[in-house]
Each structure stands twice: as C-alpha cells, then as structure tokens.
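Should a chain be cited, it is by its letter among A, B, C, D, E and F, assigned in written order, with residues numbered from 1 in that chain.
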Amino acid sequence: MVLDKLLEQHEAAIVGLWVDHVINTYAPDSAHFYKTQKDQFANPVGITFSESLGNLFKALRTGGDRDELSKHLDPVLRIRAIQSFTPAEALAFIIDLKPILRSQFKDALKEKRLSRELVRFEDQIDAMLLIAFDVYSACREKLFELKVSTEREKIYKAFLRAGLIADIKAEEPGNDALH
Amino acid sequence: MSDLPKPDDLLNFSHRPPKTEWMDTPAEIKKGFACYAGNPKSLEAVGLPNPRTWSCFDEDWQLPENWQEIIYEGFKERLDKFRSFKVFMDICVRCGACSDKCHYFIGTGDPKNMPVLRAELLRSVYRNDFTKAGKLLGRIAGARPMTLDVLREWWAYFFQCTECRRCSLFCPYGIDTAEITMMGRELLNLLGLNIDWIATPVANCYRTGNHLGIQPHAFKDMIDFFVDDIEEITGVQVEPQFQKKGADILFITPSGDVFADPGTYTCMGYLMLFHFLKEKYGLDVTWSTYASEGGNFGFFTSHEMMKRLNAKMYLEAKRLGVKWILGGECGHMWRVINQYMDTMNGPADFLDVPVNPITGTRFENAASTKMVHITEFTADLIHHGKLDLDPSRNENKVLTFHDSCNPSRGMGLFEEPRYVIQNVANNFYDMPASTIREQTFCCGSGAGLNAGEDMELRMAGGLPRANAVKHVHDKHGVNMLATICAIDRAVLPDLMNYWVPDVEVTGVHELVANALIMPGEQERETDLRGEPLLGTEDADE
Amino acid sequence: MESRRSFLKVAGVAALGLGTTPALKAVAASGEAGGGAPQPQVKKGAKALTAKQWAMVIDTRKLQTAADVEPLIEACNKIHNVPHFNNKNHEIKWIWETEFKHAFPDKSNSFLNESVEHRPFPVLCNHCENPPCVRACPTKATFKRESDGIVLMDFHRCIGCRFCMVACPYGARSFNFRDPKPFIKEMNRKFPHRMKGVVEKCNFCAERLAVGEMPACVEASQGAIAFGDLYDPHSPVRELLKENFTIRRKQVLGTEPSVYYIV
Amino acid sequence: MNLKYVYSFLAVLVLFLVAYVGVEGLGLDWLFGIIVPYLAVIVFVVFGTKRILGWGRSAVPFRIPTTAGQQKSLPWIQSSPIDNPSSKLGVWVRMALEVLTFRSLFRNSRIKLGSGPKISYHLEIFLWLGALAFHYAFLVAIIRHLRFFAEPVPFFVQLVQSVDSFFRFEIHYDPIQVGLPGVALSSIVLLLAVTFLLLRRLLDTKVRYISLAADYFPLFLILGIAFTGILMAYFTKVNVAAVKELATGLVTFQPTIPEGLGGVFYVHLFFVSVLLAYFPFSKLMHLGGIFMSPTRNLTTNTRAARHVNPWNYPVKIHTYEAYEDDFREKMVEAGLPVEKMPAATAAEEKE
Amino acid sequence: MLELTFKGGKAYYGWVLALLATIGAGFALYLWQLDFGLGITGMSRDVSWGFYIANFTYLVGVAAGGVMVVLPYYLHDYKAYGRITVLGEFLAIAAIVMCLSFIIADLGQPMRALNVLLYPTPNSILFWDMIVLNGYLFLNLVIGWNVLEAERNGTKYQQWLKPFIYLSIPWAISIHTVTAYLYCGMPGRHFWLTAILAPRFLSSAFAAGPALLIVMCLFIRKFTNFDPGKEQIQTLAKTVAYAIVINVFFFLCEIFVAFYSNIPGHMDHIKYLFVGLHGHGVMVPWMWASMILMVLGIILTVNPATRRNESTLLVGCLVIILGTWIDKALGMIAGGFVPNPLHEVNEYVPTLPEIGIALGVYALGALVLTLFYKMAISVKEEVRA
Amino acid sequence: MNDKNKIIAGLIVFLALFTFPVWYNLGKAAPAPEVILTEKAKEAKVCVMPTEYMRANHMQLLDHWRHEVVRNAKRVFVNADGKEYTMSLSNTCLDCHSNKADFCDKCHDYASVSPYCYECHIDNPKGE
C-alpha cells in the first residue's frame, strides 16, 4: 500500500496544513493567537485542535475504528459546536482534508495505482464525516438538554419545595383495590 | 434552517472571513450568543425607562426617536460622575497586553471580544462626540458617529462581558473593561435595552427580596425542607431563626443557594454550622426573608439600581438590631459589599465592629462595612479549633478550587477558602498557577449571563476554566470542583457536564458540614447529597 | 547663505556616515577658493630619516661606569616626560642600566671577568622583528610599523590589559599605575606625557627620527651607541656588526631583537 | 494592507518637509526656531493641565482597586501588601513599581514565562524590555539635553553625560571615522527601542488589528527625533554653541536666531515641538493618567474605611413595612415574626 | 520563572541584602581604583597581573567544571545527573559573571573595553578568550533557562536545544584551554612554558568545579526541601577524586622535568615558590599548605570509607577547593612572574583595596548564584509538590 | 474631593520639573562665548581648515592626525591651499591658539563637553 507509506512520511506536513486550515476559519488575528500562543491554559482552543487533529489523522491513516475516530473527533467538535458556526461550517474541515491530500500528492497522482488508493482513502474520509456528524449532533443535543434542564430545574425544584408537588410515595401494599 | 446552503455555497464555506477593519465588520446578533430582551412588566416594576416587548433579533428595536441624544446626554453625565470612565477613555495606548486574556476571546475567537476592542466600541463614539481630534480627523483619529449598527454592536458585546476584570489585572494602567461595560449597560438601559435574565430578578428582588420572587412563607418552607433533609442525614433537628430581633448576627446568603442545586447543599451546610455554633457556643444567628438575597443583579443594570437593591441589608440589620452581618458564599455580592455598600448605604454606625464572640477575633478589615465573609468566619473558627471536624468523611472527594472572579480580583480572598477546604478534606489539588488566584479564569456565566438561551456563549466562555479543571482531573483524578459563589454553583455543573463530565461542583460549606461532628448526631452513612460515605457503601448492599 | 550651502554639502556627505577623510575631500572639492584645488593630504616630513628596520649597536666597552650610562637615561627621560616614582613597584623605565647577569641571564657564567660583571649595561625595548608583545595585544594598541620596524604604542587604543607586559621576555614595558603628571620633574612641552591605565616603553625616538634627528640616547652617548638601518649594508650599524662580535639578549627565543651589544 | 500607518508616516514626512523646506528654502528659521517652540510649550502646558484638571473634576464615586494578591484579613494569613495594598504606603509602592519597572507588563510576560513551551514567551518579555528601554533612554536623553538649556551646566547633567558616554566607540577605519567626542549609549538604545516598538505594532497581527493611525504617529515622530538627533550629534556635527544660544535664548525669553544651524536641526526642533503640542490630545497623556487610574491609586481597605461618594443621591427603595404589607398573612401563617399583626387575626384575638 | 526569585523568607532576604552591601562596598572601592588608578593594588612593573587575574583563572576553571555534570547526562545518558545538571549550568553562569567582572576590574582603561570588538585582532589570545567566555555564558543561559522552563511545564526540552547542549561540552573545555593558552604561549615565562599547562588547568578545574557543586548540593539538601540525591553526590565525588589525583600527578611531572633536567630557568620559579629565592619566599607557607591540602583531599576522596561518609566528603571537598585555589590562583601567578625575565626577584602581595574589590566581585557571583539557585530550587519543589 | 489638592500638587511638581531650565537660568541670557584669538592667530587669519569645518570637526581632524602620525609615521599635513603644518595638537594648534582657557575651554564648558585629550597632551606648550 504505497499510499500508506506516503501518508506516513508526509503526516506532519498534512496535519500542519489541516490545523492551519481549521484555525483559519476564525478571524485573522484570533487565528494568529490560536497559532502562536503555545500555553495550553491560555489557548485551549488552538492546542486542542493541533493535538486532536494529529491523533485523528494517525487513527484515520491506520484504519482506526468508529470509537477511536470519535474519541479524537470529540474534543474538536465539542468546541466547534458552541462557537458561532453553522453545522456545515463546523464540519467543513473534515472534507477539506481531501483537497489538502490532493495538493500534497499532486505529482504522485499521475501513477494510476496510487490515485485508486487515494479515492478509496477519500471514501474513508467521507465515512469519518458521518461519524463526525454523530459526534457533533451529540454535542448539540447535550447543549439543548442543558438549556432545557436549567428551565426545568428552576421551576420544578421551586415547586417541589413550595410544596406544590406531591411527590409519589413508594408503592404501599394494599391501599388500592383491585377491580 | 429555512435557507439550505446551495451546493456552490458548500465549496467556499471554509474560506477565511474578510480581512476588514473592525469598524467595518458590523456586529451580528446570533442565537445562542444573545439573551432575550427584558420583559416590560419587570421594567415597569422598578421604573426603568422605555418598557416594551421587543426582541433583539428583529430589526426594529422600538427606540425613542431622540435615542442618540439620550445616549449623548447619558454619556456626558457619566463622564462627569465617574473619573474612572473619563480616564479610561483617554489613556489606553492599545499595547495589546490585555487582548488575549479575556476568556470570551479565547473561547469564541471573536476579535471584538478582546477587552481593548470592547472598550474601543465605546471609545470611538467618545472620540467622535467629546474630543477635538476626533471631530476633526474622524476615522483617522479612531472616531465614528453613533449609529444604529453601533448600538447593536454595543448590545452584542456589552452583554458578552462577565465583568470579571482579568483584563484590568494585566493592563499597565489598570484600565477596567468591566467599569466600561457597566457604563455601556447603563447607557443601554437608558433606552430600555436590557436582558430579561437581569431585569426580572431585579424586579423580583426589589419586591420580594430575592431573585426568584420566592415569597417569605415559601422561603421558610424551603429552609424547612432542608431542615428535614438534615435530620434525615444527621438525626439532628436544626432550628433556623427568621427575622429574630436582638440576635448576634444577621446572615445573608445569595438566594441561588436556596433553590438551585447543588447550592442547596451549601445552604444546608450553613444551617448545620449555625446549629453547631448555637449548641456549643450559644451563637445566635438569624436569617431574614426580607433581606433574603445577597446577590445584586442591580449591579449589572446601573449604579442606582444596585443601591436600591442593596439598601435592604443595612435596613434589615438596623431593624433587627443585630451586632454585625455575616455574608454567605457569593461572587458579585461580595464585590458590591466590599467596594460599594458602605459608600452607597453606609455608614452603618448602628452596627459595631464585627467581633467573633467565640474566638474573640476582631475583624479589623470589616471595621466600617461591618460585614464578614463566611469563609473568613469559618477559617477563624477552625484556626482556633472551635469546630469538631472529621475530614475523613470527605475522603471520596478529590477537590480543586475555582477562585470566583470578584472575590479574587475585587477582594483578594485566596487563602481563607483554601484553608477551610484543606481542614475539612484531605485531598486537595490547586489548578495550574496561571489559572488561579488573581489570574483566575471566569466561569463564563457571570454578570447576569447565566441564562439558558446563551448556552453556546457560556460554554465558550467557560472553556479556559474547564480546560484547567480537565488538566487536574487527568493529572490528580479530581472529581469535585469547590467554589464560593452561588452563580458558579448554578452554572459550573452545566460547564462540567459539557466539557469534563465526571467532575461535580460543590460549595465550601457543604464540605464543612460533611466534616462537622454535630453534638448528638447519629453515625452518618451518607453525605449531604445522600451519596454513601467512603467505607460505608459496601456495608449498605 | 554661503556658509550654509557648503555646510549642506558637508552635512550631506557626512550624513552617509563617512566621517573625516571623505569630508576632507568634500571640502576640498567644494573649494572655498574656487576651482578644483589639490586634495589635503599627509606626507612624511622632508628631513625624516627612513629605514627598513632601525637597529642599534651598543658598544658597552665605552660605557664602563654608571656615570657613562646615566646621561643616556637622563636624556631619554627628560624629553619623553618619563615620571620618576620612588615606589619601585610603579617605576616607569624606557631605558635603564642593569648588570650583565640580569641583561643576559642565559649567558652569565660564574667566574665572569670583573669589568663585564660590574659594567652597567643599558637595556631598553629591543624593537624585535618578531615581537611577542604585538602578538599578544588584543586591540593592536601596540604594533610594529611596517615602514620603519619600530614597535610603537597607540595610547588612544590601549585598554591597559597589560598582556603585552606579560609577553615581553625582556621586561621592557612599564604601566602607568597612577597619574604620572605630579611625578614629572620638569615637563618637556614639546612631547605629551601619558595618562594612568596605559602601558608605555621606549619608542626609538620616532618623533626625533621624523625630523631627522638621532635618538636622544644615541646623541648623548657620544658614539658609544650606533643607530641605523639593519638592512642597509652601509649603515653604521652594519659596519660595526661586520667588525665586532656582538651578542643579543635571549636571541634563542626567536624574537629577533634589533639591539646588539659589543662586550 | 490597512492605510493607518501610511497616514501617520505621510504625516511625519510632511512635517519633515515643512520644516526642512521652511528653513532651508524659505529661511523661516525664526518661525521654526522661536514661534513654534513657544506655541508648542504653551499648548502642552495649558491643554495638558486642562486635561488633567478635567479628569480631576470628575468624581471618584467608589473605591474600585483591582486586587492582585491576598487581602489583609485574619492576622495569621500572610497578605501581600503591594499587590493588595491596604495601606497608603502600599499604594505608593505599587504605583512606583508600576511607573518605574512596568510591573504589569512584566507580570504579563511572566504569565507566558510561567507555563507553556518557549516560543511564545519571548515575544511578551520583549514588550516589557522594549518599553522599559525606550522610556529610560528617552528620559536620559532629555536630561542630557539640559546642557543646551542651562548655563552653567548643572552638575547632575554632567554626571549623567559622563555615565551615559562612559564607553568609548571611537571607530577609525579608512572609510568611516566616527565616535568623537563621545557616543551616548542612550541615543543608540532609544533608536533601537522605538524601532522595535514600531515593528511590533506593524508586524504582530494582534497589535496591528487594534492599532489606530494615532498609535503609529508618535512612534514615527519619535523615530524621526532620534534619527535626526543622532545624525546631528555624530555625523553632520551641528554647531553646538549655536544650538545652546538658541535654546537659552528661548528659555530666558530673549529669543535669538544664531547663524550656522542647518535644516536638520530645525527638523529635529520642529518634530519635538509637534510631539509636545500633540501630547495633551493623544494617548501620551498616560503620563498623567496612570496616576489617576482608580483601579491602581486607591487603597483596598474598602471594608475598613468608608469612601464618601460626592453625588450619593437618595433612591426609592422597597421598605420592610411595604414588604410586610404584601405578605403579612402568609408570613404569619408560616410562623414568621411580623411587626404588625394582620388585621383579621388581631380581630379574632379581640373577640 | 524570574518571579520566583522575589518570594523568600527572612533569611533569604537577609542574605541577599548582605551580598548587595558587599557588592556596594566593592564597587565603591572600584570607583576609587577608577579614579586613582591600579596603583592601589599590589601589582607592579614586574608582576603586572595579580589577584584579579588569579581569581579569574580559578573561576574559569570552576565554570568549566560544570561540564562534568552535563557530559555524563547528555552524552552517556547517566539519568541520575538529570536532577543537578541545571545546578551545574547555573554555577557555570555565576562563575562566568565573576570572570568577566574580574577582567573589567583588571583593565587600566575599562571605558575602552569595546576596542577589543571595534578592532578585532585574531592573533591575540585575549580576543579569543573574550569570545569563548561570552559564548559559554550565552550557551549556559539559554540551555539552563529552557531546560528548567521545560521541567516546570512537565514537557521535554525543545529539540532545537540539542545542538546547543552538544556544543556546550567542547566549548566548556575550550574556555579553560584558551585561558591556559593565555599563559603558556609567553616566550619569556619558563614556569608557564609547558605543554601540559592546559591539561593541568583542566584537571584542577574538574576537581574544583564538582567539589564546589558537592558543597552546594549538601547545602541545598540541608536548607531547602529539595534533595539533589545521594547517588549524584557520590558520582561527583568520584570525579573529584580522579581529577585531583591527575592534577597532583601532573604537578609532580612538572617538578621532575624541572629538577631532573636541572635547568635553572625552570627550577628558579619552583624554588621561589617552595623554598624561596634570594631570601624572598612569601609564597612558601601558602604553597606547602596547598600541597598538604591537596594530598589530604586525595586521601579523603580516594578512600571509599571517607568518600561515602558525607561529612568527611564535605571536608575533603572544602580542602580540595582551597588547595586548588591556592595552587592555581596564587601559585600560578606568583610562580610565573617571580623571578622576572631579568632574573630579578620582586614579590607580589595583594593589597586590602584589591582584596576588597575581589570580595565585591565574589559577592556579585554569589548573588547571581543565589538568585538562579532560588529559581531552580523553587521550580523543583513546585514540580515535586 | 480631597484628592483635588493631591492632583494639583502632582501638577505643580511636574510643571516645576518641566520648567527647570526657566527658573534655573533666572533670565540670564547666555549668548555663545566669543572666542578670543591670540595675536599670532589673528596674523595667520586662516586656520588649517576653513573655520566652519574646524568648529564642527576639529576633534575628528585631530584623531585623523593622531592616526597618521602614530601609525603611519606621517608628520606633515598639507591643506587645500598647499600650506604645510606639522600634525601636533600641542606644537601646532596650541602654538597659535596658546590661550586654551579663552579659546578651547570656553566653548567646551559652554557645550558641556570634557574631552580627555589634555590628560596626556600639554595644554600650555609655551608655558603661559
């Protein structure tokens, strides 16, 4: 599998391009801040992107299974889910890996066997997009769940304590008739 | 999503946003980032101007025609009334020291969340109206006229600042963007532009003394509910007193602890502590349903509203004739008390300098305001060995401490809560030095932004703090985040739930109560939350 | 306006940080007196004596007693404002007299003939052709002048590190441990003295050679000391060297000293 | 490519031409030598004072210091008297540290130093070093320039000069001879520091994004001052006696225009005058502003001593009586003590 | 990490203030020397280098000694030294700061010091000495700072540091070799004209440097709660033992060559040092003391029993430090200059102001060492906690 | 507003410092000193180089002389007009301008410059 060896050699370059690409979806100087600030506590977004995308690409290259991919997708998408991106914008970076790969192996692609392997690898990327979609939706659901729960908690507990809710007692034997 | 992206849109999605100047990129008010507008009933209840139903998402904000003039007059008046405002408008040299310190900039990546730019939003209008250079040179001198877009921008970004003042720490001249945000919000309030999550609690607090509008009897019922819980766990019947005249101490805590989990357990902690002190040392503490709210959402509206809501504390203390006031665990409440209360509603000469009757300690640092922080009080007790504590009961909790912004940068309360925690629990780990004490990161939901509708903003704002908790969670296995602020206790569970799922949130005095050996209490199997204590869980099954 | 325009030119040229020499040319080029006057330049004095490598032959047989050597030292010290310190540590010596066994430690045998043993030998800087001191100096403050082979001191560049004193195998160099001015009996106004913190030594009376005069000690020795160009076969030095057997101090060290002694 | 710094650069260029042509071409040396400096000083003093008094007029309603250290509370907890100054002395020391050592900038670089790999922290500490070098070099240069304004030259000016040009830079090679009579270290440091600050504002995207044209202008101006100063001192060798004659003339209000002062000098003088005149209307007022910033110049014993707010007007509040009137019945029912018993139950008791 | 140097207890601040006072006094004396001239020192026309250059030579040795910790850890991956390489590097920084200060103090015209840069002369050894010393200072600052920084953040030090570290090892050897070449290149000075002067310098450096490091480690273990580790100290002690033995062996070789060949030029210098020459022998007691101390040092460090017991090891180290100091500082200078090229005997004894200025420079070095060690120890305590 | 007087005090201190030159000179104008030429200088009428150049660059010229004399053994300077001078501060310059106090020192003190030349070179070659 010639492509695997190529991917392995160029891994650092590809991941570098990919991370830059993701970070460049932000405003220019925020992107500059995300790229240059190396302190993980002062720049959690930038550092998480570079680490997780690195692991993600390694998992993708070595044919990682669904769980491994989502384990690495989760930190990135958890951040993208709460920033002002539409779902399409949030997940776009997954399929943007394809043009990066194509530009990286432009010359090698002339050789037929390699281009067939690349097409198959791109299918894997599409599969990863679907996994990403699940992870992204899970984050969004968690967000909405939190929104709903704050409202419910607020009222329910207040009612409970104000004695407006009679909480259901445990089933006592014999207090209801069978008819 | 009415307008599905057309196929060709898909391609240029990941293009870089246009590199236009910040003055040319208009602010976009987005769902999940802006809070709903204040409902007119609340505005009328406290007499705030221009009450009407409107939404920030639609175009027409139903503003009075002469709104520019109102803004100008309001601006002028505040420049005279606040030297901080006028000085901060003039001396910023835009050196960029504060620009990457704001948790909202770090989390959202929106350049206008940089503290220097948030201030420039206001400063640009100031230059246009109040400085010669601004009038002459216009855009070159960094001035721009007050337009509707600018107003929308103010609305979007002055409600994206939790007034945590981290930027003021790093600014060479101490320019306080929180102060500028307060002025911005006051100006917006002149036009009736405020958010419901602040306006309604203000109205409730004004009328019923607490943010939720809990009526006195309901307030007492809730406390009684806690009394039953305590009895179930410890077998001891605590008897809190309400509006008891002639008591030693009036205790005021944020009402958030009375209704929102996990604050409720901290409230139970207070009850047990005061019962213990009453039993052992005869300390007479009273609560008050009238002054049942330590917090002050008026602080996020205007200086006048802050004063109107805060007046209750001294009035109630005077009416009940207590010796001094004890304040519960809260964040912005303590900024108001520590730096504003005495000036606004003082002097409190009907109270005397707080002395802890049990240990005899005179709280010199509260000699004029006559209000002591609960952790100062408890730390003093522990230091003199007045509390019988069994820290092993908190053994299953691996703790870390989140310095709430206001006690950290408005008071400097670092060692007291840590001292208390380390005496009531054994495993405590501080987060990295650059994320705690005076450099602490905000929970992302302060200054009245802990509504439900701006959850994305809150998650983005709390990202740096969550990232630090995740670090100590991975490194030391921390599973409990302690904090001394009611809003923190209400919002951090959501933050933890989203970023670091297996870390819970607790108040400091819940831990104190867990460890407290009450006179005449039964052998405890569970902590205040009903979870089994270490070593007893196998006994149960 | 006149002076201003010229100033402009000077300012313009100097502005490029080219300093004096080009500025000199510029001024000349502007030519106050109009026309392209000749450039200011520097040249040797008319009467200047030149040589490829100045050398000295001291006929010690003619300088038997201290009284013979004293005037040499006096002459040198007087015209070069050499200070006289009573504290031996801070002594400044350009030329001084010492016994044979000190001047030639490697050649003294035990039963030396009386006259040589007690004869005062005048010693001074040998102006070596391969000077260790010039090799050691970190700033080229001491340097061997290609034009005439004299080893000179540039007192403006000397940082007073005294590495040259350590390097000199003849101990011919002295250091101004303190301000020499108060210790100069009467000042020769035609020759500058030194300041504290710099090293100094015999300069083969370079200033006198430049105006065609023989070095002070040579004149004062009435013929006892010959001075001339080592590489000019007809110079007095070469004449003496041809006829007499001469020795040099520590010549085994390969420094090639230029001062020969006839014993 | 935003035009902000181009405006400023052009402005400084125009000023250069105005002065140079004005003097060299039109011979207006009396204008640039006497009128403009006097005007500049007047503007600086009058409007500077006006601006500071303007700030003074605004009230300081509340005491809002930013605390950066442990407060003074219980005796056995060690408080940080400088970062959280509860005493007047603490405030003076905190302000002095801020003004003399730029402590917040150092603290700022310290954060980066404190954690995170190397690359990022170098940039931050350079801001602290650059700013400190720039301000001190500028101060030393001003003290050195007192030699033109005072006759006889005061002792401390000579001392500063001798220390400043202690190290000799006497370069004597064929193409270039420079360094006599002496090279002032502060002139070199000033030129390098202001160039660094300008490059940082131009190249660091974060700082460029927030910079206004008004931020570049003083930097270009001071760069011009430093450059012309060095040009005159070491290369074109201005006629120092004439400069002093003009300067002392200005200062003793007997202005004269001596001969032999080239255009470069008047450019230098004009730049300084523009800087002085521009001062009160610009961010340079942080000179006075830092002393009046309420988050740095107040003590933090806010609970121990009451701060009086001059315009503390009374406000409408919800009294306890009104509160009790709303809920008296329910409070009694819940067993809460009330001031006045509700009318109904009072009636029952009566029966 | 600089902020760590500001947090300390009473004793720490007291010590720093004492050092500052000494530095102040030293500087005042230096101003007097600047005004009066080098006449206030004991140097003379025949002994033109004195106490300053003597201490300079010794301290370059101490700085080079740091390599004995860096080399095993980075080249041979001797893990145990990981804990104390930073201490070695910071000791080197403090030593180099003292060396440069001694050079400046020794110059007659310090205001022209930049001439060495403005007029570079590659044929002068002093020019190379300036380059290697400043280079070594820069290397140690960059390496020490970054390694400590990385340790504080729990990360591995950056990759680009590797070449600097490998460069610093031969560079350490070079600084002391160049210092030796200052002496052994001089044609007229027989005492120094020996090929093994550089090896002798290095051997005494590798004895003195690690010995001082051992004393520092014992001090640190006693007064702070960071323990450099027993094994590290034992390995250092072995290094000291070997080095001091080699140093004495080289010295005996010198003695043999001089006395067996019986050349007066060589013998006189050693005779002057050990038995006095023409009635002058101020150095005699010092040299014998130095020999006795070094032999005692050999006994204490070579003998395993006394080496393992840390108190006797401490005595051994102090004795070696003092012994090598007298040998290399006083003996080397006095021996070389007396008798002078004209075979006259003028002795040299440092004067009080000279010693005062030297103490001021030592205090400056101690201050730099204290600040850097305070930073290093605080980081190590913070990481351990 | 008790800090009103603090502000004014601060302003007064700043203005006092800022106007230091004004009150330091107390209105005594200090025109550039008139250098007094000796008789000999008057006769010579022309210096080695034009006066304008000499005022600005004499120190550089002297350094250039020193370089030529000491390092290149050249002792004679020929200026643009072909006039020859021996390159020596004490013997040439101070020969004409023998009144150092009125000629050199006046301007040096006025411009607060203290050249270290006279630490070695003789400042009164004619003994006046």
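Some notes on this structure:
The rule is short, and it goes like this: a residue touches a chain if its C-beta (ideal position, glycine included) is under 8 Å from a C-beta of that chain, and two chains touch if they have at least 3 such contacts.
Here the structure is a predicted model, which is why all the values come from computation and not from measurement.
Counting steps between touching chains, the shortest path from chain A to chain F takes 2. Chain centres here are means of the Cα atoms, and by that rule the chain farthest away from chain D is C.
The most distant chain from chain F, with centres taken as the mean of CA atoms, is A. Averaging Cα coordinates per chain places chain C and chain D 58 Å apart.
In terms of their C-alpha centroids, the spacing between chain A and chain D amounts to 46 Å.
Centre-to-centre spacing of chain A and chain B amounts to 31 Å, using the average Cα coordinate of each chain.
For chain F, the set of residues touching two or more other chains reads 52, 56-57, 60, 63-64. Shown for chain A are the residues that touch two or more other chains, namely 28-29, 33, 37, 39-42. The residues of chain C that reach two or more other chains are 3, 7, 10, 19-21, 156, listed in rising order. On chain D, the positions that touch chain A within their shared complex are 111-112, 115-117, 119-120, 123, 205-206, 208-209. Interface residues of chain F facing chain C in the complex, by the touch rule stated above, are 49-50, 52-53, 56-57, 60-61, 63-64, 66, 68, 70-82, 86-87, 90-91, 116, 119-122, 124-127.
Taken in their complex, chain D has these residues touching chain B: 2, 4, 7, 51, 54-80, 83-84, 86, 98, 102, 104-105, 107-108, 111, 114-115, 127, 131, 204, 206-207, 209-215, 281-283, 285-286, 289-290, 292-296, 300-309, 311-312, 315-320, 323-324, 326-327, 330-331, 333-337. Contact residues on chain E toward chain D in their complex (touch as defined above): 1-3, 111-115, 118, 146, 149-150, 152-153, 155, 158. Here chain B touches chain D in the complex through residues 21-22, 47, 79-88, 90-97, 99-100, 111, 114, 116-117, 120, 131-133, 140-142, 165, 168-176, 179, 206-209, 215-217, 220-221, 242-245, 289-290, 303-304, 307-308, 311-312, 315-316, 319, 337-340, 342-344, 346-347, 361, 363-369, 371, 373, 376, 379-380, 383, 408-416, 419, 432-434, 438-439, going by the rule given at the top.
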